[in-house]
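Structure in structure tokens, see below.
Chains: A, B and C, in written order; residue numbering restarts at 1 for each.
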Amino acid sequence: MTLLKRGLSRRRVLQTGVAGIIGTGVAPLMFTKGAWAQEFCNNPSGDTVTFGLNLPLTGAYAEEGADEQKAYELAVQHLNGEGDGGLISVLTPTALKGNGILGKKVAFVTSDSQTKADVARAGATRMIERDGAIMVTGGSSSAEAIAVQGLCQEMGVIFMAGLTHSNDTTGKDKRRYGFRHFFNAYQSGIGLGPVLGQEYGTDRRAYHLTADYTWGWTQEESMKAATEALGWQTVEAVRTPLGAADFSQYLTPVLNSGADVLILNHYGNDMVNSLTQAVQFGMRDRQANGKNFEIVVPLFSELMAKGAGANIKGIYGTSNWHWNLQDPGTIAFTKSFGAAYGAPPSQAAHTAYVQALLYADACERAGTFYPPEVIKALEGHEFDGMGNGPTLYRAEDHQCIKNVLVVQGNDNPTSEYDVLNIVQEVPRDTVAYDPTIFGGDLGPAEPAPMC
Amino acid sequence: MRVMSRNDLLLFVGFTVVVLAMPIWLHPFGAAYPDLLQRFMIFGIFAVGFNILFGLTGYLSFGHAAFFGVGSYAAVWSFKLLSLDAIPALIFAVVVSGLFSLIIGYVSLRRSGIYFSILTLAFAQMSYNLAYSVLTPITNGETGLQLTLGDPRSLDVAMGVSTVGQPVPTLLGQSLGGFAGFYFCAGFLILAFFIAQRITNSPFGMMLKGIKSNQTRMNYTGFNTKPYTLAAFVISGMYAGLAGALLAVTDPLAGAERMQWTASGEVVLMTILGGAGTLVGPVIGAWLIKYFENIFSAINDNILRGFWSFLPEGADNVMVTISSKFVGEGWFLTLGLLFVLVVVFLPGGIMEGVRRIAHLFDRKPKDKPGKAAPRPQPAE
Amino acid sequence: MFEVIFLQFLNGLDKGAAYALIALGLTLVFGTLGVVNFAHGALFMLGAFCAVLFRQFVTLETVTLDPEKLSPWGAPLEIREPLVQAWFGDFGAVLVNYSVPASIIITIPIMLLVGIGLERGIIKHFYKRPHAEQILVTFGLAIVAQELIKSFFGPNPIPQPMPSDLRGAADIGAFLGMQANVITYPIWRLIYFLFSFVIIGGVFAFLQFTTFGMVVRAGMADRETVGLLGINIDRRFTIMFGLAAVVAGMAGVMYTPLLPPNYHIGMDFLVLSFVVVVVGGMGSLPGAVAAGFLLGILQSFASMTQVKALIPGIDQIIIYLVAVVILLVLPRGLFGRRGVMEA
């Protein structure tokens, strides 16, 4: 180690060092010129306006990402007045004219977020810095959504979250520039609780298996609160590592624990695997405490239901939206999406599509792309016709307050897409909650000085 | 005895020029935007540091991402608790990751070969799994550690500095966003490269290379090799920590997934793809992989259609369908194919390819078999 | 309490058998060819997708469109009729039901071809190259394989139902004369356990009691001398690689009902199988089996709530912690030989 010192002379260090300092000092001046031309980040100056789509095209949620991308492409077509117009004619009130946004044609750029927060942020930065995205949208995990909306707050670019279900997104990590249409774990709990009470009675003993990360914890907490309010007991709540693949060592203790309901606070592949394996352990054929043993999966997605196959039959959960609803908005969207891609849309596709339209509508109503004005237009906005009944974009936490669906795995599916039945539409007044319970601070609406 | 040979000096100056001019020559490739340039610098540092361990001593660590992650966490905590200034954060991160790598290195270096690799992998995976779950109070788990308005920032408060709006890291009050952040990182990459060059050519570096070629012989000649390998391990861990901290400076978020084994594997791939044991190779490998990840993955069908539009009707659709398998979401496939091709045909990585091409143009082949120092490479 | 511990032990054995089986092929390749095969997980994944392919084949349907009725999304309603019934009658229904075990019939030739092709095409050029390059080239191949599978089968997991007779759990407690419905365990996991035993035993017997195995073992010990004796050792090594691929593939097929396969499962098992092999000692077949059982049982017990209450997060790291402790106490793993993979 000490031998190293012999090789260095002060002179050499100084010589090379000075060259570096001069290089680093002078060069930036050449590139920052012209940065003052725009008064806010990516003010569209030409005749197009660019959306930044941040989608998981690889990784565990790639199928959600692909479905979201289809929905965004459809939304962009409809906003530009192409195709059948989709939900533009159904949205009430609407300021959309079908000629782009504020007369500018909508274009989009994409980025593969790989379902990783780091990569999602890098992709969002690229789309903002290089491609001039006026708004970033997409994503299929809460970690991604929280990371990207923090970045968008710094950059002064609006973020319309895609599939994110954690309470934190519009709770303790909420941001002025972040908006969520999707529902959250807390609402799942309030929505699902009464149905569980109705179906399984008030004298039940629940065993939770929970994915060991923030979303899982909020889901477990919400489900515990909802079921204990019914009079259920919680036998045990066990944390399982994310991506455990084999859950057998967590399932064996359930068998003789005295529990008669198993609640799987898992999502994605974890949910597919733990549910499949729980069914193999014979849990659905068991009797415990003189009752039938039941399994509950609080958050459902039809793509995951496809992955779980026959195991999903008869199992209760919640969903943001489902193509089987019978309101005009849902029918129009399902038809439009089905005509374009030959399959009904998933809830991820729906929330993505709606977010894109809502942003466009807010810009039209604000009459500008200037983010603070658009934020004002979105905050407290009340609308209808998007398939979830009357909906409010709550100003306090940027959470959409709308109906929540309680769904059940379909016993007799008529097609490979017909995997879920809607049991109940829980009205939005029931699932509304006090936005202050999760804390957090939205932060300022004034845009960052540069981006 | 000359301190720095003419070739070394040329290599260093050439490298400096290439790095500082990146915003210009990367423009035609669509990569000249600050965030990606910053990542080029940061992962360049990471790979240069990894090469000090792997390229010189031959010890293949499969857990280097842990030090990268620890550096990020340390830097973000420094932003939260001490000050938004980048300098204390970098110092703190390098010290913490140095200590962390000292502990892991001390234990892991008791074994060699694949046993060493598995030990480092095991430590890194443990760090990752714990950071994701049990250590959430420190790491903020899946969501990642972020700056908030309510952070204490005791040094800033003591100095009377107050921040308005969303807190972002600064350097002596100057913002580090955009190209300023790039030049800040570039300065560190050049410094890191300089130190690596000095280490490689120093007697210490020769010692490490001796360990690589035959450790037993080194031991028989009376050298205790362990302090040397441990020193190399810690230095390379500190490089990783510095890189992690710089990533937190340019983007103040530390997530657990940057400690996962795939992230460790990525730096191995960067180094070997570029050319392990060479100075420039790992940096080029890092740039290439990051370029693929950020630019190739963003090419969608619309862009492809524009690219092939010169072809007649029908043929362009075929080409779009074929090429879309390799870009956009298929970028990983292209990367995999590239690895296989490089390893099969260019075992020394891209640097060997460069050397072969240079050899072709070299009219009078000079054979200098004993020359270990890397030859100057043409700037690409 | 007894039944909880008994069940966890049983589960540990089951996990251990699965780990040992997955690690077996890796050890075979390393032990015979001296190649560190990072594509082993990909072979496991390819095997699993042989089952998917076979099921897709036997559930092929004729699709006729009914223009009278429309689905809710506006496309004409599809009427599907399974082809396999038309071809095989009642046997077709059995084939669909037993598609997972039946797909082994196509898995063996496919994986043999894949393995031999891989060895002849690429791996054989890497016998003399450093391990780091072997790792890189096989890792690259693994990426290519998984991305190709993704572009054909999509990224979502594809459920593979197990035969209806083998669904649900077996009442082991009652079988052993204990109280009914206390100790139950999924039938398919028991089958996988037995299957692992048969395959592992078969591979041992093959290496131990056949001439082929003897030559291969001799070749492992001293390749050049065996070559000088006029034996074509290269061809036997090629076959060994094919065999390892078949073992990995069959492990993948039989695992599909437990874990709906997606393109990524290979990578998930790669790290795990490497830890198992290294803990067992590189190149040692008994080591891989012993390490598999050890890690399986320890992992099962570490996941119990009582243990987790004592040491939070232990179930997340137990595998790696055991690996660290074993490697520090036993420098070459459980049964490793001196000088193997230490440079």
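We adopt the following convention: a residue touches a chain if its C-beta (ideal position, glycine included) is under 8 Å from a C-beta of that chain, and two chains touch if they have at least 3 such contacts.
Because the structure is predicted, anything quoted here is derived from the model rather than measured.
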item: Chain-level touch network, classified as line, ring, star, complete or other; value: complete
item: Pair exhibiting more inter-chain C-beta contacts, A-B or B-C; value: A-B
item: Centroid spacing, where centroids are CA-atom means, of subunit A and subunit C in whole angstrom; value: 34
item: CA centroid of subunit B to CA centroid of subunit C, Å; value: 34
item: Residue list for subunit C, restricted to those that touch at least two other chains; value: 316
item: For subunit B, residues that touch 2 or more chains besides their own; value: 129, 132-133, 332
item: Touching two or more other chains - residue numbers and ranges from subunit A; value: 58, 62, 66, 212, 239, 241
item: Residues of subunit C that touch subunit B when the two form their complex; value: 36, 122, 125, 129, 131-133, 135-137, 139-144, 147-148, 151, 267, 271, 274-275, 278, 282, 312-313, 316-317, 320-321, 323-324, 327-328, 331-333, 341-343
item: Subunit B - residues contacting subunit A, complex; value: 3-4, 12-13, 16, 20, 23, 30, 33-36, 39, 129, 132-133, 136, 140-144, 146, 148-150, 165-166, 168, 175, 177-180, 183-184, 186-187, 190-191, 194, 198-199, 201-204, 207, 227-228, 231, 251, 253, 255, 257-258, 293-294, 297-298, 300, 328-329, 331-332
item: Complex interface listing, subunit A residues touching subunit B; value: 1, 3-4, 6-9, 12, 16, 19-21, 23-24, 27-28, 31-32, 35, 57-58, 62, 66, 109-112, 116-119, 121-123, 125-126, 129-130, 142-143, 146-147, 150-151, 153-154, 166, 168, 173, 212-215, 239, 241-242, 441, 443-444, 446, 448, 450-451
item: Subunit B to subunit C touching residues, read off their complex; value: 54, 58, 60, 107, 110-115, 118-119, 121-123, 125-126, 129-130, 132-135, 215, 261-262, 265, 268-269, 272-273, 276, 325, 330, 332-333, 335-340, 343-344, 347
item: Contact set on subunit C toward subunit A in their complex; value: 3-4, 7-8, 10-12, 14-15, 18, 71-75, 78, 150, 154-159, 161-162, 167-169, 181-182, 184-186, 188-189, 257-260, 262, 264-265, 268-269, 299-300, 303-305, 308, 315-316
